[in-house]
Every structure is written in structure tokens, then in C-alpha cells.
Amino acid sequence: MSKHLKVVVIGGGSSYTPEIIEGFIQNYESFPVREVVLVDILEGQKKLNIVGNLAKRMVEKSGLPIQVQLTLDRREALVEADFVTTQLRVGLLKARIYDEKIPLKYGVIGQETTGPGGMMKAFRTIPVLLDICKDIEELCPDAWLFNFTNPAGMVTEAILKHTKVKSVGLCNSPIAAYKWLSGLYQIPARDIYCEFVGLNHLHWITQVKVHGVDKLEELLNNRDGYSAKNVPQFEWNAEFVRSLGAIPSYYLKYFYLTKELLEEQLLLLDQEGTRAEVVKRLEDELFELYQDPNLSEKPKQLEQRGGAYYSEAAVHLMKSIYNDTRDIQTLNVQNQGILDFLPADACIEVNCVVTSHGPIPLPVSHIPTAAKGLILAVKSYEQIAIEAAVTGDRGLALQALAIHPLVPSVNEAEHMLNEMMQQHQLYLPQFFKS
Amino acid sequence: MSKHLKVVVIGGGSSYTPEIIEGFIQNYESFPVREVVLVDILEGQKKLNIVGNLAKRMVEKSGLPIQVQLTLDRREALVEADFVTTQLRVGLLKARIYDEKIPLKYGVIGQETTGPGGMMKAFRTIPVLLDICKDIEELCPDAWLFNFTNPAGMVTEAILKHTKVKSVGLCNSPIAAYKWLSGLYQIPARDIYCEFVGLNHLHWITQVKVHGVDKLEELLNNRDGYSAKNVPQFEWNAEFVRSLGAIPSYYLKYFYLTKELLEEQLLLLDQEGTRAEVVKRLEDELFELYQDPNLSEKPKQLEQRGGAYYSEAAVHLMKSIYNDTRDIQTLNVQNQGILDFLPADACIEVNCVVTSHGPIPLPVSHIPTAAKGLILAVKSYEQIAIEAAVTGDRGLALQALAIHPLVPSVNEAEHMLNEMMQQHQLYLPQFFKS
Amino acid sequence: MSKHLKVVVIGGGSSYTPEIIEGFIQNYESFPVREVVLVDILEGQKKLNIVGNLAKRMVEKSGLPIQVQLTLDRREALVEADFVTTQLRVGLLKARIYDEKIPLKYGVIGQETTGPGGMMKAFRTIPVLLDICKDIEELCPDAWLFNFTNPAGMVTEAILKHTKVKSVGLCNSPIAAYKWLSGLYQIPARDIYCEFVGLNHLHWITQVKVHGVDKLEELLNNRDGYSAKNVPQFEWNAEFVRSLGAIPSYYLKYFYLTKELLEEQLLLLDQEGTRAEVVKRLEDELFELYQDPNLSEKPKQLEQRGGAYYSEAAVHLMKSIYNDTRDIQTLNVQNQGILDFLPADACIEVNCVVTSHGPIPLPVSHIPTAAKGLILAVKSYEQIAIEAAVTGDRGLALQALAIHPLVPSVNEAEHMLNEMMQQHQLYLPQFFKS
Amino acid sequence: MSKHLKVVVIGGGSSYTPEIIEGFIQNYESFPVREVVLVDILEGQKKLNIVGNLAKRMVEKSGLPIQVQLTLDRREALVEADFVTTQLRVGLLKARIYDEKIPLKYGVIGQETTGPGGMMKAFRTIPVLLDICKDIEELCPDAWLFNFTNPAGMVTEAILKHTKVKSVGLCNSPIAAYKWLSGLYQIPARDIYCEFVGLNHLHWITQVKVHGVDKLEELLNNRDGYSAKNVPQFEWNAEFVRSLGAIPSYYLKYFYLTKELLEEQLLLLDQEGTRAEVVKRLEDELFELYQDPNLSEKPKQLEQRGGAYYSEAAVHLMKSIYNDTRDIQTLNVQNQGILDFLPADACIEVNCVVTSHGPIPLPVSHIPTAAKGLILAVKSYEQIAIEAAVTGDRGLALQALAIHPLVPSVNEAEHMLNEMMQQHQLYLPQFFKS
């Protein structure tokens, strides 16, 4: 690793950027980054300037020798990078509106990380990420790529299958679980050990130890707390969770409470529009704030944006690789036999020891039988959808959608697919080769 | 194996019995059964007498030295048996009506071999079969038990996990596939090789060879033919089936065309009642025929009953074990690593070589990715449901139902479960221990 | 498969040829071969003519419409072949003398199928077989290649790893086991079921059933009978074999009685020379007989040659593929998970069901713990030696030899390797690229 | 874990004890042990007193509030222990003399941790350890047992298979590797990452990273350094080690240089007697020193004893469990799928993350093919020998010895076994039940 640490943030015009800048400032001592390059595309130039200038003011205020650069030239930015992060959205929030709206017309959950919406996002995103990886292979082959872009598990699996880039997928929900438990037991997160089993946005917590003492059973009777801003708050069925013997991620409500969440989505659509539209309004307010030339720190309002802790996760991981700390983090990496009912090249979300040569996944102590079925059902969909995204094979796209657990019929899948393909045609060149 | 071959048919009063008797008569030369004992319970005595007397007339007409005995004493019947078959229905067709009707109230497919109805049937049936197995362990420990009782895969898995009885689960649908192909290509079934992958009522045909020549691709474009009387006839989506690269069993329509089948079930419920009620009428007509003292052969009408070829499957298997023929049959047996993403003790439906010491499952050439997800999703449900059936643990029952792919919500699962448990209480002592 | 069945025998000038010709004649009804092409190289032309003329006389006597052709043009011979067999010896018996003699100088067993001698034979043979396979891929890509050439397991593994040819390795020792048991119990071999576990020349019999009845235990106390002409006759230690719980192949004496066999080899070397020299004298006598123009059948003396039943194995397998008989034969095929501690692409010796599309290996009921260790120790050597044979990497050759269970030291391995490499240099071009 | 940390040292009269006492003193801040109980048997009472009094003087000098107690009452000692270590030798050094001497008579390596000598030591030791475990299960079920007693891998596997005690096997050789590399590169051991693959006394180092940079290749050309006092110093064959692609443990010389080590053993036997006799003289000198009432620290001479770093390993592991440090240590634990060609319940030596709830083994990046064969060959022997040790089945003992890679013949195995069994009869009650 070079002495002159360089981090490239692709999608640097994102509203999240102040958070990662704050992370670099707060962790400078153990992770002395010297150069941060924020990269964006032409359509994002305005936002890049606003957020980039805020970043520069934040660094200036800190007095640290960190250079912040803004650019539209991705290839130039990548030269000799040590770490690259991606936080981009192909088609912007406008595309997300369709991801969330169209499925609802067919009585199916509309969500940007799973189901029909998640699949379309994967179709738009994976080719772009593979292009970025080609540049990385050429310009900074030793760099680590941290992928935040959703569906993070699928995108990371595509990268690991189709490129040589050293890539890790990152999600904020494991950190959220630790924050929840840390608050609950009033102890630092590092005194807690959680075992996560599953996929990105599809995990179960199967162990909680505090100083080696098992807390799982008492937590199975405490069903609030581990939740997220962007997932509706329904209470878990107590008997069900106790019988499961593991704490389900809040994302699992899409699968375990499909009927209720669908009803709520339809209600909210009426009341406030899609989640994309809500986020759009929030982002507009944030950029309003960011423009204030007197602002030189991350504004509090950012925490309501839904993706809290993402940057914390990224800086934490950079620090551990840089310092060979060998601490345990929950990451999206290749399965390699950890979940023995999944292919070796599947991307899973699992505890890893982070060394200077990357994360080593830890074996899991046990996997609930109920979880296995859903994990493989979703992973089968993911594998076929990734292949469809890479090849542009429409039959595979239909197959993937038809076998997704949230989709009730091959025929409905076909109708939805037709409409979504048409709507996103601009961002799906692989499916529309003449 | 004793020289004096003895077969015990538990549930001998069933309308299917004439078929198995016909099988014994037609195969006497290679499988010289000397004693057939038809066993039933007190409630079934009338039917037992009717069908038993028909069986006696059939044998008499054949002139073969086969003894047919009728009894209500199961333990006496089992002494020194070589083969035992079970074709029983705990709670009779009346219970099946509830299996099919109650789920529909909650917008869920009502079916006696999968989904909520199948689970309740498993709960009623498994304890009875385990009791029969205790008798077999004591009275005829070397006997082979062929289980036809649905859900046949789950019942067989329960037997293999909880007893020492040598048991095989049998289904007529693989034979039906061969009959279909035999008709299509106008060649004997033995000139065709099909590879089946999956579970009982959840299989895919992944290879079809005629004299070593691959016919799969042409069959993927031919989507009629492999169907069944008791499953609605919807056409498969052509693009989907081609993309799958395997021929789905007609039972897979419950999963791939859930919406359409649910709509049809609701329509039929209105028009003709549940399938159980249709079958009830058919059976009444059959028993009317069976009473005719001039009838001494299997009446043609039996073929419309839905379970054609069951007895053919049973006699075929008995013959192969008795003669060590080492031919290939598609049976429900322990996985033992054949499907590497399933537990070793799961019951699967797979090609086996039948030797005198039983069936040896054959490795499969490949498993469609799409199939893996659904197989493990259903098997996870099955495993938990079997444990619930054996232990009477209501939390497990709820968990099993909630994770079944056809059930859209934990809360709906709870409501359905409450109603079904109450309705079938009489046949579910394990869940109602004081 | 073409109507005009054509079989090509590479190494057709071998003294074994009359046996395979006899097989074709005896099995003509079920396997109507029309064309047999005996191929050899220039150095073997004289033997080819002698044995080829005998073959022609045999066919003529039979009155069957089989054409026998003799040729030195391998490529011409292969055109449109249905089956190809190889029974060749690169370097002839002269090379085998060194395989058997040199190791003895270093206190190591000298044997042409395992140990240092077997490795050198693999080095000479594998490149030649891969060349033959290139021709098959081009000239008769649908043909089946049956490989008899020792070390048959290693050669077959090399072919399956490095070519697309449909190949099966064949050995006479499983047939020999059936012959032994058939004689012992005075019943036809087809009434016996043996389970073989292991590798070529390294198998254990773990099940013996006669009409479904277990005979293993009584056989563990009967330690003569299953033996071979070319392996010294030492009695097994009774307590050891009983504790193993499986019948070891006679080839296992090289590993279990290394000291004794080494002593005997040294003694015999003194008394009668190497086995190669004994065989050389036997072959000379056979060819003397073959020249007799009045001879038109396989002479009895051939049975003493050591490779009895090889041709029986080959014709039996051709018949089963041609007729899709689906009977069980013990063959050398890809592991594909059958022995779960070996790589999927390792070649193993195992029971297979033979269909028209080839052999499907059968899962094994259990593997003795003791066998596992030796199987993987030998397979590790085989894998590295195959890679050395293909790449000509001398480091790999040394590594393979050093880890062979019969070799007591890396340093001794190096000395032996140096001497053997020099001796066989002419046949090892891959190791002597300038 | 109790506040009042209590450690019980079984075999406390060992000459190693001053080392562990020194460890407790040096690490008191992070591992505040309050009570150390040294337990021994009646025959060891004199040594216990000598070494125990030295321990007391060492603690007194440190001024720390650690109580040292000496006792012959093992059960009393174990009550409420937090950690238990075992460093005992059933039959004392006198038995070891036979382990080393008898095999040499049969031309086989005589060694106390592998081969015939190691097997006999396992037979004497395993029943005693299982007895200790019974006491632990009853008196301090939450305690961790650290087993140093050789053959440590086999003893630990026996404990993990046959008891519920939380046990870890410890060896000093991984620490020795780190010390060697730390000296070589002049950096602290914690800046180095080594990956160990294999079993106790049978490992390969497959990765060496310094700050994430691969050093393996340069180390494969540097063949001195990683060695031990008690294993003869032969140079590795350079071509062989480079081809292996991994650094073999010095214990592997018994397998890779069998001939040379056997010759040296025979020479040394003549010159200075067995290693046991050498150690005996060393120990006598040590105890002479220990008696000196003015000595209140670990004497330098102890480092020449051969087992350096054992106590360092133990204190290091206690500290990590107590403090949940989650650092990486190389330990002997259950395989659980890490080495996929070994049974799940085999004990392996592997990198682990040490948490407050114990070690979690880390997946290995790759396993040299050559290593797999030897690992499974030795593990097969170990498994059968453990079963023999527990059951007292002589057939299994013979089988285990006969398949050990160092033993050249079943018949020789039988002769050695007879002699060794007779010699050690007193300590092998399980084999001599009337």
C-alpha cells in the first residue's frame, strides 16, 4: 500500500459524501488519507460541485493535509488509487420511482433492492460497475473496491465472478444491529459478538454474546429495536420468531409479512408517493443545506436519509485493511463453502476477519433450517438475474423474475418484465442489441 | 426373502385395491405372491368387504394359488410379511375437504399434498405411519414398506428418520412421464431414459434420451402431454420453460402459476365443490360397481380416479427387489449426498437402481439453478413440518407454514393454522396433549 | 450409433488380440460388429501380421460377416469408429524391465502400475494417449474410448481432464473377483452383487450380497481365492482383514505387505529376472503358436498371460452401451462426488450403471476409514504425476515420486528419478525440451 | 467467567511449570489470575514439591496477589476452575524409552508423538484424560481445558468426541514459526500473518504475509530456520520444497526423510541412548537447580528442554478468551468443514480467531495436493487409534498401526504391537480386561 493514501469515491456527488469525509477526518490518525477524489458524471456535475465544496470546507476546518479533488474524468481519477468506493444510482431517483411503482400495479412489492424493482436496478447497475472494474484492472489493479451500490450483494457477486478486482460489498444493517444492541445493553459495540448468517438484505442473527454470555434467547422475546428507517415497522409474530431461534433482519419482513407490506406500500403510494419520491424531497433539502458557504460539517439532517453508517462501515474497513487489525466485520464476500448449501462463488453476508490481505470469512455455528430455504430461493434468483444482467438474455430475465419468492406467477412476471424493460430501455443496452 | 411371498396392504379397503390385485395376477410368473392380506380399520370395514370380495373373485377367475385375506387386525396381518404397502387416509375424504377448503378462505391454494392442506395431512398421517412401523419393526423387521400415502415424500422422510423400517416412497407421476413419452415417440418405455431431479410432487425432468440420443430440447418446445387428471391444465409459458432447460412436473404449476391456479380453485369450489368432494362421488360410484357379484376384474372407470399407475409402480418395485433385476426406477429415498445442497437425510425423488438389497440412488447429471431454490425452500418447510408432526410443537407448525412458498404472511399462517388445528383436532392428539 | 458397428484396436498386434476377437465372435448376436481394425506402429508390424492373420482365421471359421483389417495408419483407422480400445506399451517390454529393476536398486518395489515404475510408465504413456485422443476428437468424436493401458486409472484421468473424448478405464480385477465368488458359491456371477470402493489397482470390496443376503463377514474369514497371477501370493493377516471390514484387492499387498513383497521381488530377480522378462518369454511362446496357420481359435496358453478377462470386460461394456442394458459394471470413471474426500475430477474405480449414454457411477454405501487414507495418499501422487506427465515439469515429477507411499525419502526419490529419467529419455520428450 | 480467576495445572510437578508461572506473572495486568493449583499424582509428589516451592518463590518475588497451591487431590483442585491445563506423562519418561526403542528393533522410527511410539503413548494417555474430563464435566463444566499432552491432536480429538468439555489442543511449533520469521525479518510477530494447514505435528505453512505482502516464495528458497531442538536437522531438498509450494513443518521430516531419520536414530541410540534418556538427564539437572532456595525465577536452562513456548501459548490463549480479544492463534480444534476432505469431527491444527466463547477456525486459502494425501493417511490412522484407545479393541490397534505411513508391513506391525503391548501392559487396562 502506498504511503500516499488515495481514495476515489465514484458517485462523489451523492448526498452521503459529507459522511465519508467526516469519517476520514475523524480517523486520520490511524488512516492518514492524503487524497480524496470525488468522481461523478456530467448529469451529476451540479451536485458534485455543491457537495464537493462542502467537503473542501470540512477538510479545511479540520486543518488536516487531505486534498479533495472533484472530477468528471473517472479514468484519470483511478490512477494509483488505494481504495475505491461506489455510491451511484444509474438512472437516478427517477428510475427508482418506476422500480417501486410498476410492481405494485401487478400486486407485487415494489422495492429497489429485491423483487422486480431490485432486479431492474441490478440490470441497470451491473454493466456500469463491470466497466468501472475494467478501469480498475488497468489503472489501479491492487486497489480495493468497496461496493455500496444496491443490490449490493448481487453487484458484488457480479464483480467477483466477472473481474479480477478485489471487491467487498458493504451494508449498513449489520452496524445498525450493533448500535441497537450497544444501546440496549449500554456497553460498547466491541464488547458484543453477533453472528450473521445469510445474504445482503436477507440475514438472520444467530448468536449474540456479551463477554461470552449468550443473549440470544432473551432477545428473541424483545422484538423491537433492530429496524430501519426505510422498512415499515411491523411487529414480528412472537411465536414465530422464538421458533426460528434467530433474529430476522428487518428486510425479511418483505418475505415473512408480504401481504401486510404490500398493503402498506399501496396505502403510502396514495398518501405520499413512492419512497423514491420521499427521498427526492429529502435530498433536495439536503443539497439546499450543503450550498450554505458557512456550513463546514456534516449536517444532522443527513442521518434521516436512511443510509446511516454506510460511510462508517467504509472507513472502518479501510482502516482495518491498512493496519492489518484483524478485527471482525460483517461483509459481503464470496461464500467459499461457508454456507454449504450455496455455490462457492455466491456472494454472502457474513462475519469476516479483516487482514491486510483482505477479509477472511468465518464459519457459522449453525444455520436455521427455515433460513436455508429462503436463502437459496433468493440466491437462485440472484444467480440467474446476474447472468441475465451480464448477457442480456431475456429468457433468463424472465426466469429470474418468475422464480423470485415475491412473484406469484410466471405470466405476471412476463407482463411486469415487459413494462419495466420498456420503461428502463435507455439504461439496458444489453437487452436491446439490435 | 421367504419362498411363501406375503404382501400386506394397509388401507386395503381403498378403491385402488383392484389395481394392485390385477398387478399380482399379471405378474405372477416373475413375482409369485402366495398371500395377500387386506387390512383396514373398523370405520372402513364395509368398504373392505366390498373390495375384498371383488379381489377374491379376481383371483379365483385367474386360477392362481393366491390367498386373499381380509382383516381388521393389523398386527396379526403383519407377521412374516415380505412387503407392506400403505394407502390410507386418516380422517377419510371428509378431512381432505377441510384441507382444500380452509386455505382458500385465506387466499391460499388448498391442496392435499402441499401448502397448508398438505401440512395438515402430514400431521394426521405421520404418527399413524410411525405406529405401523413400530409393528413392522417387531413383527416383520425384514419387510419392505412401500408408502403411497401423501404427502408421500414427507411421510417417507419421517419413517426413514424415526424408524428402522426399510421404506420407499412411491408416486405415479414418474411412470406417467414415461407413458407420455412412450406414446409420443411410439416406442416402449424401457427404450427411454429420463432423469428426474427434485422431491415428491416437485420434480423436473432434466434428461430425456432415446437410445442414447438427447430429446430434451425438442420436448422443451412441446408443452402438452405430461399432465395429470388432478392438476389443472394450464399451458406453460414457452420462453420460461426453454430458459429453465428442464421439463417441470405438472405439480410445479402450484408454484409457478400460483395466481392462476388459485383463481381456478375458487371458481371450481363454486361450481363443483372441492376436489375431495368430486373424488367422493367418484368413489361412491366405484364401490357401487365393485359390489356387483358378477364383476371379477378391475373396472375401466378406476382409471379416471387420478391415481393411475400407483399399483403398477408398487408391483414393479416388488418384482425388482425379489428378482434383483437392477433396473432403474424413480423412487423417494434418502438423499445421501445426491442433491448436494440438501441434508443427507432428506427424502428426494430420484432415479434408483433396484437391487435385491434395495434401491441405490443415481447421481444426477445437473440441477437447474432455478430448481435448487424451490427445492430447498420446500424441503425446509418439510423438515420443520415433519418435526412438528412428530413432536406436536405448535411453534414449529407455525414456522413450517409461515415459510411455505405458497403462504404470503406469518400472520395469515397463524390464522389458518388456528382454524385448521381446531377442525382436525380429533386426528392431531400430538398437538393437544393436556 | 451407426448401424455398421466399427471397433478400432490400437496396439492391435498385442498378444491379447485373439481374446477380444473371440469376444466379438461369441457376442455377435447382441453386438454385431462389422469391422475390426487392428492398428499398430512400425516396430510392431511383424507381431501385427501374425496376430492379425490369426484373427482373420478365427473370424473366417466363425462364418460371421466381420471384416478384420490390419493397418499402421492410425488416423485412417479411426474414421467413423464407434469404439476404440487401447492396449499399447510405449517402449515395449524392454522399458518395463527398467520400471521393475531400477527401483529395486534403491530398496523400493519395482512394479509397472504403481510406485516409481508405474510413474515412469505413466510419463511415457500419457502423452501418446493424449495424441490418440486428439485424433479421436477430430475423426470420430462420438466414439467411446476404452483404455486398458496401465496405469489405467492415471491414463484415464489424464484423458478425462485434458480431452473431450468419452473415455472409460477398464481393469480385469473386478471381473476376477466375480469369477472367484461365482466359483466359491457355485452360482452365476450375475446373482452376486459386490461393491467396489477405491482406485484402479487400489480397491476394497465393501459389500458382497447373494440374492440380497450379506456374505461379507464370512468372506473376511476366507482369505484365499481373490488373487492374481502377477501378484505374489502372501496370506493376509486374519485379524487385520477382519478389523478392516472389507476385502482388500490383491494389489493392496504392495502397500500392506511392502517389506515381504520387496524381499520376494529381490529373490525372484535373482532366480528368474523381472516379471517383464518372464512375460517376454511367455509372449514369444504365444507368438510362436499364433503363427501356426492351422490355429483358428484362441489358444489356452493365453490365459496364463496375466491379463485374463480384459477383453471380456471390453466386449461386455460395448454390448451394454450399444443395447442400453443398464447393468452394473465396475469401471474407472470420474469421481463427481462419489468418494467425497477426493476431487470431483479424480478417476476412481467404482460400480456404474451402463446406459446408452455411458456409465453412471453408483454411490457407495460406506468407505472404510483405513481405505480413505491410502486412497487419498495414492491419488495425491497420481494427480501430481499426471500434471508432471502433461507439463514435463521435473519438480512435479520429483514431488509425485517423493510422496508416493512406497518411497521412503525425498533424497532417494531424487536419485531414482535421475536414473530412470536418463534410461527412458527417448520416450520422455516432454521432460527433455531443450 | 468468575472474577476470581482460577487455573489448575494437572501434572503440575512437570519441569515446565516455572515457565507457566512466569507467564502468569508477566501477564497479570491483562489476565489477573488469583489462584494457581498445581496437581500431581503420588509418584510425582517429590517433584511437585520442588517445582511448587520454586513457583511460590517466583510469585512472592513478583509481589502479586496470586495464590499457589500444591495438591494430590485432583477433584478438589478442579472445583470452580476457569482454566485447566494438562502436561502429564502416563508411565513417565521410562515408558517413553520403550516408545522410542522398540520400533527401532523393527526398522521403524521410534518417536513419542507419531508412529508406533506415538500410538502407544495415545493408548496410555487418552483414558487418563477422559477421566480428568469426567471430573471437569462434574466439577467445573464451564472451564476451558488446554491440552498440551502429546500426541496433542489425537488426545484433543478423543476429548472432543467423547466428552462435553470445552477443549483446545496446544502446540509450540506454530509459535516457533512466528519467532523464526520475526527474527528473520526483524519485525514483531504480530506484523506477520502465516496460514497453517494440517494436523498437530503435521502442518504446512501455505501463506506468509508481512503487511499484506507475500513472502512465501522467497522463503521456499530459504530452508533453514524453522526447526526444533528435538527433531534432527536435515536440509530440505530445494527442488522438492519449491515444487510443494508450502513450508513443511520440521516434523514432516519423519515422513519425507524417513530413511535418513531412521539411520540417525539408530546412530544416536548407540551414542547417547534414546531422546527420552537424554531428556531424563536434562530434567534431573533442572530439578537440581529448582531445589535451590535462592532461585526465584525461571532458569535459562529450561529453554533447552525442547518444549519452549508451550506456556507462552497457554497464557496467550487464556488472555484472549478472558478478554475477548479476537486475535488469530494457531490451535488444535474440530475441523467442521475447514479441511473438506477430512471428517467434520477430526481435530486439525489451524488458524483460529479467539473470542470469549472460544476459538473459531478460519478457512484456509488452499491446500497443497501433496499435503492432502499425507494428512488423510495420518488422520485415518489417528481415528482408528483413538477408537482403539477408547474401546481397547486389539484388532483396531493392529489396523491403526498397520496403516501408519511409517510402518512397512502388517506383519511387522503385529510383532511390534505384541512387544509394546506387553511392555506397557500396566498402563493399558482397556486392552487387558480379563
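Each chain gets a letter, A, B, C and D, in the order it is written, and its residues are counted from 1.
One rule holds for everything that comes next: a residue touches a chain if its C-beta (ideal position, glycine included) is under 8 Å from a C-beta of that chain, and two chains touch if they have at least 3 such contacts.
All of these numbers come straight from a predicted model, not from anything done at the bench.
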Farthest-lying chain, centroid of Cα atoms versus that of chain C: A
Selected pair, greater C-beta contact count between B-C and C-D: C-D
Chain B-chain D separation of Cα centroids, rounded to whole Å: 56
Chain centre separation in whole Å, for chain C relative to chain B (CA means): 46
Where chain A touches two or more other chains at once, by residue number: none
Overall pattern in which the protein chains touch one another (line/ring/star/complete/other): ring
Touch relationships between chains, expressed as pairs: A-B, A-D, B-C, C-D
Complex contacts: residues of chain A adjacent to chain D: 1, 191, 193, 209, 211-212, 321, 324, 326-328, 336-338, 340, 353, 355-357, 360-363
Parts of chain A lying in touch with chain B, wherever the complex brings them together: 236-237, 239-240, 242-244, 256-260, 341-342, 369-374, 376-381, 383-384, 393-396, 398-399, 402-403, 405, 408-414
